[in-house]
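What follows is a set of structures for review.
Common to both upcoming complexes is chain A, partnered first by chain B, then by chain C.
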Partner chain A sequence: MSNKGLRKVDILFSQYSVAPYQILKQTMKKNKADVLTEINESGLRGRGGAGFPTGMKWQIMADEKAEEKYIICNADEGEPGTFKDRKLLVEVPRKVISGMAIAAWITNSTKGYIYLRAEYNYLIPALKKELEVFEEYSKQFGLDFPIEIFSGSGAYVCGEETALIESMEGKRGEPRNKPPFPTQEGYLGKPTLVNNVETLASVSMVCRYGSEKYKSLGTDAQRGSKLFSLSGDSPKEGVHEFELGMKVSDFVAEYGDGDTKAIQVGGVAGYCIPRKNFENTIIGEGNTTGGATMIFNSTRSMYNVIHNYLEFFVEESCGQCTPCRVGTQQLLKGIEAVKVGDKPECYLQDLIKLSKTMKITSKCGLGQSVTNSFTSIITNFPEEMIY
Partner chain B sequence: MSTIKLIIDGQEIEVKNGTTILEAAKKINVNIPTLCHHEDLCVAGNCRVCVVEVKGRERLEASCAVPAEEGMDILTNSAKIRNARKDIVSLLVSEHNTQCTTCYRNTNCELQELAAEYNVDGNKYLSVLKEGIEIDTSSWSIEKDDSKCIHCQRCVRTCAELQHVNALTAAFKGNEMKISTFGELPFNEVVCTNCGQCVNHCPTGALTERRYFDQVWEALGDHSKHVVMNTAPSVRVALGEMLGYEVGTRVTGKMVTAMKKIGADSVLDTDFSADLTIIEEGHELLSRLRKVLLKKDTNIKLPMITSCSPGWVKFIEHMYPNHLGHLSTCKSPQQMFGALTKTYYAEKKGIDPKDIVSVAIMPCAAKKYEANRAEMNDSGYRDIDAGLTTREFGLMIKQAGLNFQNLEDSEFDSIMGESTGAGVIFGATGGVMEAALRTAYTIVTGRNVPFKNLNITAVRGTEGIRKASIKIDGCLEEWAFLEGAELNVAVAHGLKNARTIMDEVASGKSNYHFIEVMGCPGGCIGGGGQPIPTNADIRAKRIQAIYEEDMSKSIRMSHENPEIVRIYKEFLGEPLGEKSHKLLHTHYHKRNRY
Partner chain C sequence: MEEVSKIIKEKIKEVGNQRTALLPILQAIMKEQNYVKKEDMVDVAEALDISAADVYGTSSFYSFIETEETGKYLIRICKSITCENKGKKQVLKAIEKELQIDLGETTYDKKFTLKPTNCLGLCDMGPAMLINDEPFTELTTELVSEIICEFRNR
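Showing the complex of A and B:
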């Protein structure tokens, strides 16, 4: 456990002291391999939640040979409790677009898409203007990389990269079997790199500061800075940026309302950390990294919390694979049955086992991650679950 | 192709790159259970029953979907795997209508088999079966019961990949996800060809053919009715599978005996009307060739395309409504048979046609729809009163308590029970083409087709589309305009391939004269009404049996069938004559694409 304390930083939203497209221009004067090494060494990991090393993903993409290759900016920000990507797209869109352009330049990709969740469609006019500006610059820089906006249709699962690609192809938003991974066969069967909005903006920052400086933020376990969408029982709701590697207790002390009972880290797909573990848990270590944090105070029923999550999963499972489609329904029905006394308390243990089966057998991250919140809430608050 | 080495259950094995774990395991006789997997279809990986453990990975992998990789160390049977599979099967059972005893697929259900194998406790989880699900019985051919659906999407993939029809689709998400139709319309209102391939590929009783055997039993028990049964060529090479025989066993004689034993007044052969179809269709082809090549009649369409497969006919009506002129006007053998049963047969036997019940036993679900098409009553009576599948007939034999394997062989009754090898091969893809060529060539040249044993192997096989050219020379005087001509033919089976060939025809660039299209993969032997399972291996064995049956016949050309000769002499007059036109030919309807 490497605790760095609570360190607020202002990097991703800092106003452009050097215009982002200048950074793009400077970056493009360097050697591609060197820039990729920089990104690798920065330790940057995907900011959508899964935390895959960004440099490694780009390397795989760069190695793929194809006439057409695509970069997709995943702006299907659907995890309940997260709203950081929206803020990035509103306030610093050029950092995001620069990130896409750098990715395209390094990986020799030919076209870019911003997959925008339908609820963010009101951002389209502003983003289109930004893309026009980018087009001017990219022409100047000799970069042939048109970017289009694709409006999603509202399913949570489409944040999963292969489901996202399916939906872009006009199909049902259902995750694909992997392999092949999108970097091998993605959109329209072509190599495709899908990165979260914040990841791409962070790439711009790595290129601006260099990997040494970026890496100095955070801890050995997780590098750089990260946005956190804070909601719930907090007087300071909103998007905050911190160096990675902070203890829950420090976070809660600063952002809780003084009566914090539990904190949900990483959205509903993440973990619920009870008060007794605040002191020994680092956000982002052993839990997920999406940055959605929800604070619950002692007036909240954790039964209601998990019930609410499960209702969400029951509805948002794509319905394709058995463990996720039926498992989510069983977990929901199961806790309801225990709550009203139709099933004994020990049935909760059966349900936890079932959620573990879902974790190891579900087709995509959705079904695999249900056990995170389920197990952490059921085991930490059993007294709230029973009749 | 490069190979890779891996270990499965401690045994090292070398496989081709790209082989899935499931396929690799099969090679060393390790059976991994599956549900959503079907070798006819693309990989789905959605049921998750086939999970296996790859050492070093926490998550289990779906063996049907994951390619074997160099150095993988795989377990297919561990506590972790067994628990996971049992959980998954339990989950499927929890959303399933478990009234197995009253299910048509009872004892032939893949979910039931797995539930038994894993000794699933039906009470472990709560039932999440939706209430108030209504069975869709709107179609003449197919019933859909969502309470039995396990969402494996085999039907969806079948309809999309094999058949290019897309009548079925996954709709909604989460707990509301279900297999539905375009606009959630009932089956009889959607663009469905009734081919029944979805039924044949369904692992449970969610999709079944609409059953009519109770009506048939009723007629058999009614002494005022004269029940005429006829069986399609492909039934005799598949029926045995339901009655304890190896795949590919011919059970013609026992099948005939069984029909007599269950009380049919007359047991006749659809092969007879297949022979008749060849005469009519052969003459139609030659007449079209004459009109186009000699008289330059631009109203006549070439290529002529066969019309014996009712799934295919409905497909072209929906998908290529402006090209119906290519379809032969011949009714299918089933409908020709029915029309003659109510006329020629009734006349010869001195029975009032209103008292005749014609029952067709078919490898097909679409035949049920065809029998109910409004125009199929040219004699003043329904051509066919009931269409049964091979499966329904197999069940009737069981219901009758017949010890099928011990039955004596017997012969079809007369009249309309005599057939040739040419009629038999209708059951396999390419068979109509081969039978037609055997006869047409003889009509034109007065000689047999120039192939060893009359076997036109170029049009046989299982390739999706097969093409051949036959040079015609030494024509009789009447057909001199064909002298030296190359007759270009093509054969397609499965509606996906039908679409490919129709696109070629519709573009105007095809140079074919005659095309055979069968709606189902493999032709009728792979029909939607055939025993389940059906797969490539089983289709191949049934096809082999069909050609064996052909070779076993002393007469192998339709025009030599003595009963055919007789029916023209005594009743029909001449091919394409007035009576033929009234009874044996039909017309088609333009239909919408949605």
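Showing the complex of A and C:
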């Protein structure tokens, strides 16, 4: 366990260079392989939640030979409690688009899409304007890489990259079997690189500051800086940027309202950490995902919290695989039955077992991650689950 | 009827007549009339040369594609935990009272439909809602009355 304390940084929202797309211009003067090595060495991992090493994904994509290759910016952040990508797209869209362009340049990709969640449709006019600026400059730099916005239609599961691709192809957003991975067979069967908004913006920052400086931030498990979407019982809600690797207790001391009972790290697909574990839990080691952080104070009922999460999962399960479709419904019914006394307290243990079965048997991250919040809330607040 | 076939034609000109055009077409119809009728789905299916069942299957999967009659202004109120904890219930009650409908219903004059939705990504400014594509944040019971009044007069 390495505790570096709470270290705020200002990287992702730092000011633009004076002339537009300078990072892209400077990067394109270098050797492609060298830039890819830089990204690999920076230790950057996907910022959408799964945390796959970005450089490795890009390497696989670069090695694929095809006439058409696509870059997709995943702006479908639907995790309850997450809004960091919205802020990036509003305040520094140029960094995100630069990240896409650098990816296209390194991997010889021909077209880009921003898959924007329907809930953010109001961002489209400003984004289109920025894309016009990009088009002008990318032509100057000799990069032929048109980018379009594809608007989603309201489905949490489409944040999963293969479901997102299905959705772009005009189908129900149901995750595909992997392999083949999108980098091999993605959108329209062509190699496709899907990266989260923050990941792409982070790539721009690695290119601006160099991997050495970027790597010096964070811990061995998680390099660099990370955005946290903070909401709930806190006087300082909003998006905050830190080096990874701080104790939950440090975080709560700074951002709690003095009466924090529990903190949800990584959105509803993440973990709920109770007060007794604040001291010995490090954010960024084994628990961090998309950075959605919700603080609950002692006036909140954890039964209501998990009930709300489960209603969400029931609705957003795509219904394709049985463990997730039926499992989420049974968990919800189960806690309701225990609450009214139709089932004994020990039934909660059966439900935990069910959630663990879902982790092993569900097809995608949605069903697999239900157990994270479910087990951590039920185990830590059993008294609140019974009547 | 004619209008929808025009929308389909225009969209196909823009994005082609492959299956990839399906969501953009459905979204364009949504924008025009706020829901996609069964007959429209048949038209879309014909235009893209796929089955109507495929069009319905896709439409019904997405929460932002409505398949039942919907009012001119579709209010989607966020029901995620942060908005819930910040007083969404009172706000929702105020909207229901103002519009004289329950959650999930459409007003008699077909002007408003009220629906719950999952996280809008506006948690730091909750309670939040969308009216069509427009976001409204830090809602209070007084504020929603004002907003609805303004939309009534639009």
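The working rule: the second predicted complex is superposed on the first by the 383 of 387 C-alpha atoms of A that agree within 3 Å, B and C clash if a C-alpha of one lies under 4 Å from a C-alpha of the other, contacts with A are read in each partner's own complex, and residues count from 1 in each chain.
The definition used in the following text is that contacts are C-beta pairs under 8 Å (C-beta built on N, C-alpha and C of every residue); 3 or more make two chains touch, one makes a residue touch a chain.
Quick caveat, the model's predicted, so the values are computed rather than measured.
Visitor: Using the superposition on chain A described above, determine whether A:53 touches chain B (first), chain C (second), both, or neither.
Guide: Once the two structures are laid over each other on A, A:53 reaches no partner at all.
Visitor: Quick one: classify A:315 as touching chain B (first), chain C (second), both or neither.
Guide: both
Visitor: Once the structures are superposed on A, label A:122 by its partner contacts, choosing first (chain B), second (chain C), both or neither.
Guide: second
Visitor: Which of the two partners, first being chain B and second being chain C, lies in contact with A:155: first, second, both, or neither?
Guide: both
Visitor: State whether A:362 touches chain B only (first), chain C only (second), both chains, or neither.
Guide: Only chain B; A:362 stays clear of chain C.
Visitor: Quick check on the superposed pair: does A:330 touch chain B, chain C, both, or neither? Answer first, second, both or neither.
Guide: first
Visitor: So in the superposed three-chain picture, is A:172 touching just chain B, just chain C, both, or none of them (first/second/both/neither)?
Guide: both
Visitor: Contacts for A:146 in the overlay, against chain B (first) and chain C (second): which applies, first, second, both or neither?
Guide: neither
Visitor: Give the label of whichever partner, chain B or chain C, reaches more residues of chain A.
Guide: C
Visitor: Just chain B (first), just chain C (second), both, or neither: which does A:86 touch?
Guide: second
Visitor: Which residues of chain A are in contact with chain B in one complex and with chain C in the other?
Guide: 155, 172-173, 315-316, 318
Visitor: Tell me, which parts of chain A touch chain B in their complex?
Guide: Where chain A meets chain B, its residues are 155, 157, 172-174, 177, 179, 313-323, 325-330, 333-334, 337, 343, 350, 353-354, 357, 359-363, 368.
Visitor: Using the touch rule from the top, collect the residues of chain B that touch chain A in their complex.
Guide: 43, 45-49, 51, 58-60, 62, 65-67, 80, 83-84, 87-88, 91-92, 94-95, 124-126, 128, 150-151, 153, 170, 172-177
Visitor: Which residues of chain A touch chain C in the complex?
Guide: Chain A reaches chain C through residues 77-83, 85-86, 117-122, 150-156, 167-173, 188, 229-233, 237-239, 268, 294, 296, 300, 304-305, 308-309, 311-312, 315-316, 318.
Visitor: In their shared complex, at which residues does chain C touch chain A?
Guide: Of all residues in chain C, those touching chain A are 18-24, 26-27, 48, 57-58, 61-65, 79-82, 84-85, 117-126, 130, 133-135.
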